[in-house]
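Next, two complexes with chain A in common: one pairs it with chain B, the other with chain C.
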Partner chain A sequence: MGRPGPSAYHRLNPLTKATVATVTAIAAVALGGVVGPIILAAAAVLSPALVAGVLGRLARLSLLLALPIALSAFIVNLFFFPGAEQVLLRIGPITATGEGLRFAIEILVRILAISGAVTLFYLTTRAGDLTVDLERRGVSSRVAFVANASVQTVPTMVERASLITDAQRARGLDTEGSMWRRIRGVVPIVGPVILGSIAEVEERTMALEARGFTRPGRRTLLWTPADSARQAAVRWGLVVGLLALIVARVTGVFG
Partner chain B sequence: MESRWSRIIAAGLALLVTAAIGVLLAGGIQQTGEQDPVTFAYHEVADVLALILAVSMIVAIITYLVVEWVQTRRLDSLSHQFSTRTFALIPIAIALNIILGQTVVAAIKLPIYLDSIGTILVGVLAGPLAGALTGFLGNVLWAYVIPPPFQYAPAAAFAVVAATIGLLAGIFARASLLRPRPDQPINRLVMAGIGTAVVIAGLAYLASLGYTTAFGGPPTIAPAPNNEVFDNGLFIVLGWLAVALVIGTVLGLFVILFVRRDLTAAYVVICGAATGIVAALVSAPIAAGVFGGVTGGGTDFLVAAFRSAGLSVGQATLGQGLISDPIDKITTFFVVYLIVSAMARRTKARFPQGERLLEEGDAPTAEGDGWRGATA
Partner chain C sequence: MTIALDGVGYRYAGATSPALLDIDLELRDGEVVGLAGASEAGKSTLCLVVSGLAPRTVGGQIRGRITLDGEDVDAWPMHRLSQRIAIGFQNPSTQLSQVTDSVFEEVAFGPMNLALPREEVAARTWAALETLRIDALAERDPRRLSGGQQQLVAIAGLLAMRPAHLVLDEPTAQLDPAGTHLVAEAITRLARDGVSILVAEQKVDLLAAICSRVFVLDGGRVVLDGWADEVLADRRLAEFGVMELSTVQLSRAAAASGVAGDRLERALHA
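Up next is the complex of A and B:
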């Protein structure tokens, strides 16, 4: 925290980057069709990624992220689009239809745009920076704590689960047998993880109260991300533009 | 406390009035569009109703808080729910949501979600608004901030659904519905057992209707011989797994009902079914409108099945939701009830709504607020 980012895009205020990501995701849905989201992705996802030098990682991660959904969407819509006339090919009893293909591509492009926007934000922003910035703007320090703690707790809990798995295996739990054995093995692992975490709540509560968590008023922040009037104007412009887009779509201006 | 009742009544009225205005604005509950053959629901109407429901809930919450402010010049219900202990619990609950939800959506591919255990746990232990915050924040973090492999981009769109689930769980627990009721006389248990069986049978009937619609024949574990697409071993395995999970939950509930003689098992089923139906109504239009019905998990198979039977996207997501969500939420409420039962009484009682999870006879200790506050 506090170190300048490697590129101009990294150094933007985290709220700006978050606004870009959210507006892009919502606009990808509002635009519809295939051309719109592609242009949007090129402008709002690929160009900043190029500037930030994360294009390769972005492509890899967002494709990875979108893969299961994209695969599902593609198969479901390509083969199971009801009422479609234009048959492209038949594999046995399954038919791929033209309308299904079009819809599938539309959804695919939308999903790629959304996952690209989200991954760009994740790659160019340190998690703590966004919460610190929001706290400076007046979000309660408790909510900021919850957000940070949640992100930290996921890997901690996974690690604890693997520790408990090792301990239970040392006690004879079968984790490699048949499907049924593995399902039975879930309870002796998940149970202690959950109950152990809840028992930890007591300690965390006392630690938080000892650090003045319930003290009213705001904390003094030693460092906050930089912001500028120009970025604030861009943020508002993006939001207004998005609202205009939604209104235009709803009232049928774009058809 | 008359003042609390007046707040609740005010909020209830606000809900009904907003809903009525919404229905009037939408031109009455018309039965437009095509009827979903499984649930006889009109999905376009369901979409509008979902929006009206969401807006009405927000208005009702605001009304409740406004009335409280006017009455007492403080927002005690808020500050009571959001104690330090709640804030220490929420990250764990969110982590639970994300880990279990990601496992089910990415690895296990069952037609359920299991991403609300943390939300409902917080709702039950801390209160409706705490549960709503957990759901909303959890989904937003899941989509934007959690690093891969646990990241799941579609989660942000369903943040509203998660908030609604947390809210409902908190309200049910607030109404003392989930208080353990052990050692009941056998006739009450039998009646509860029958009621539970009726609800579960109703949901199973709905599911089999859906199966019939999608697969064109009565439910069997092996697919019908001339069935177009699903002559696939994967679906058989999935079917068995789903059935095993459902049977496990149902058996567990009946064990609680008749072995522990705890009447609350029936309430678990009812709360779960109600929450599931509301969640399905609110999530179907989002899944249909934003993702074309496909979100990457095991539920997509159900949507595919409905689509292959000729339903529109909206109908398919609504049908899938009305099958998956009640099952998922009943299972989740059951798991939360198990967790809460396993917690020590002392641990439970310190949470804001913990007293409502203790048995009737366990009055709070005479030490009162000083001890439970645990500060200087």
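Up next is the complex of A and C:
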């Protein structure tokens, strides 16, 4: 029993997609260099995204997710690579180096591969599907709930922040204009968002208790995501492949 | 099947004064009992105490005796009580689990926790949705519904638990008149099926329509109790911060304007 999904990739078991994302992210780091992670990303991120019809959204979201850290890592490595000698450019006291540029590109490719893998999973998997699947495999319903609720909290808090922003604007708060004004405008919004969320926790806990959430033992699952022996084999294959890659890197087989 | 409170008092953790004092209350099979009172009179606290959440989840100190069908529930864990007593709160967003993708799953959340057979969970869920006439919302994302719709979903989630006793703390606070009417209908139907229901409400007209008895709280004490029609016609209601029934207000306004009572009666029934 599974829920219909818009594409074959969406319909894969959530654990399979989680395994693909995790293995891709770790392998991108383990592979090193530039070509390896690019081929990996093309095979494990871009191709499935094309099949799932989410390539455009994937590009936008993963860039947004990776941009701050990718940019800062790129700049730091480009200009401050320790022991670099091949000078490319001098800007005042700082120097861009060839070694720094190569390493910065490597880091950039890895970060993009990781954010792409994570974003693909997010775009093609409902949090509830993963937690139901984990519950079916024996994970405690409380652990599954906490994992699911943590993911679902983000959009709820974004919505709350938007409501509070509107309310504060209606009371004269200036959140537009210069960067300094925007930063100042964030302060009166952060407090109510966080405090409001904390205040709701008690009532939410009570509502869950009243609906039998703390009852010991397993609960009924109305449906479970589809799985197959082939997918299980793929998952194990990916894990074994990743372990082999790490061993090869550690022992120097890849140089 | 009866819930009985005998001399119950309750103090929140860290509070210097008690929130409830010497409450005697009995809730019998198929009976709907109303709770009225100003803000901070103790209505919500009494709902928490009757449901068992206070002090089990909320903390604090309780005294007196609470029995369920003659059995002292003092040592019962919350998950055991929740199979007999359900409680609904006024804020719909905090009552939804926030982890379900459809209204159907949200309503089924409670019965699933009780580990009922899958067919039973589905049957209860559809029955609860149909009772509140929200079966058309079954596939919708509960987080994308209006406040009123979310409240109906939350109440449906309680109905699906098939509790013997139901405690509702201002269940219609977010509802429009049509939604309020649906909840009133559902309460009446449940009572007819033998469920005992305690409803805390500011809407006294609703209490008059569905309750057989009403308790009025003030400062954590019961200051008026009795048959709903008698209590809700009591001239002291305003003293305790409770609005009078609209029919009582109308009668008084008519009398003040010199309109004869029988004429008003005829006009109302015309």
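Everything that follows uses one rule, which is that the second predicted complex is superposed on the first by the 197 of 255 C-alpha atoms of A that agree within 3 Å, B and C clash if a C-alpha of one lies under 4 Å from a C-alpha of the other, contacts with A are read in each partner's own complex, and residues count from 1 in each chain.
Please note the rule applied: contacts are C-beta pairs under 8 Å (C-beta built on N, C-alpha and C of every residue); 3 or more make two chains touch, one makes a residue touch a chain.
The structure presented is a predicted model; accordingly, all values stated were derived computationally and were not measured.
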Practice item. Identify the partner contact of A:P216: answer first if only chain B is touched, second if only chain C is, both if each is, neither if none is. Key: second
Practice item. Mind working out whether A:F121 is in touch with chain B, chain C, both or neither, as first, second, both or neither? Key: first
Practice item. Classify the contacts of A:M157 with the two partner chains as first (chain B alone), second (chain C alone), both, or neither. Key: first
**Study point:** Which partner, chain B or chain C, touches more chain A residues
**Key:** B
Practice item. Return first, second, both or neither, reflecting whether A:F79 touches chain B, chain C, both chains, or no partner chain. Key: first
Review point. Once the shared chain is lined up, is A:A149 touching chain B (first), chain C (second), both, or neither of them?
Key: both
Point to revise | Touched partner set for A:T205, first chain B, second chain C, both or neither | key: both
Check your understanding: Of the residues on chain A, which ones does chain B touch that chain C also touches?
Key -> 127, 145, 149, 152-153, 156, 200, 202, 204-206, 208-209, 213-214
Exercise for review: Over in the complex, which chain C residues touch chain A? Could you list them?
Suggested key: 48, 51, 53, 56-58, 77-79, 82-83, 85-87, 89, 91, 93-101, 105, 108-118, 121-122, 143, 154, 157-158, 161
Study note, to complete from the structure: In the complex, chain B touches chain A at residues 82, 84-85, 87-92, 94-96, 98-99, 105-106, 137-138, 141, 143-148, 150-151, 153-154, 156, 228-229, 244, 289-296, 300, 303-304, 307-312, 339, 342-343, 347, 350, 374-375
Review point. What part of chain A is in contact with chain B in the complex they form?
Key: 18, 21, 25, 29, 61, 64-66, 68-69, 72-73, 75-77, 79-83, 93-94, 103, 106-107, 110-111, 114-115, 118, 121-122, 127, 130, 142-143, 145-147, 149-154, 156-158, 161, 183, 191, 194-195, 197-202, 204-206, 208-209, 213-214
**Study point:** Touch list for chain A against partner chain C, complex
**Key:** 126-128, 131, 141, 145, 148-149, 152-153, 155-156, 200, 202-222
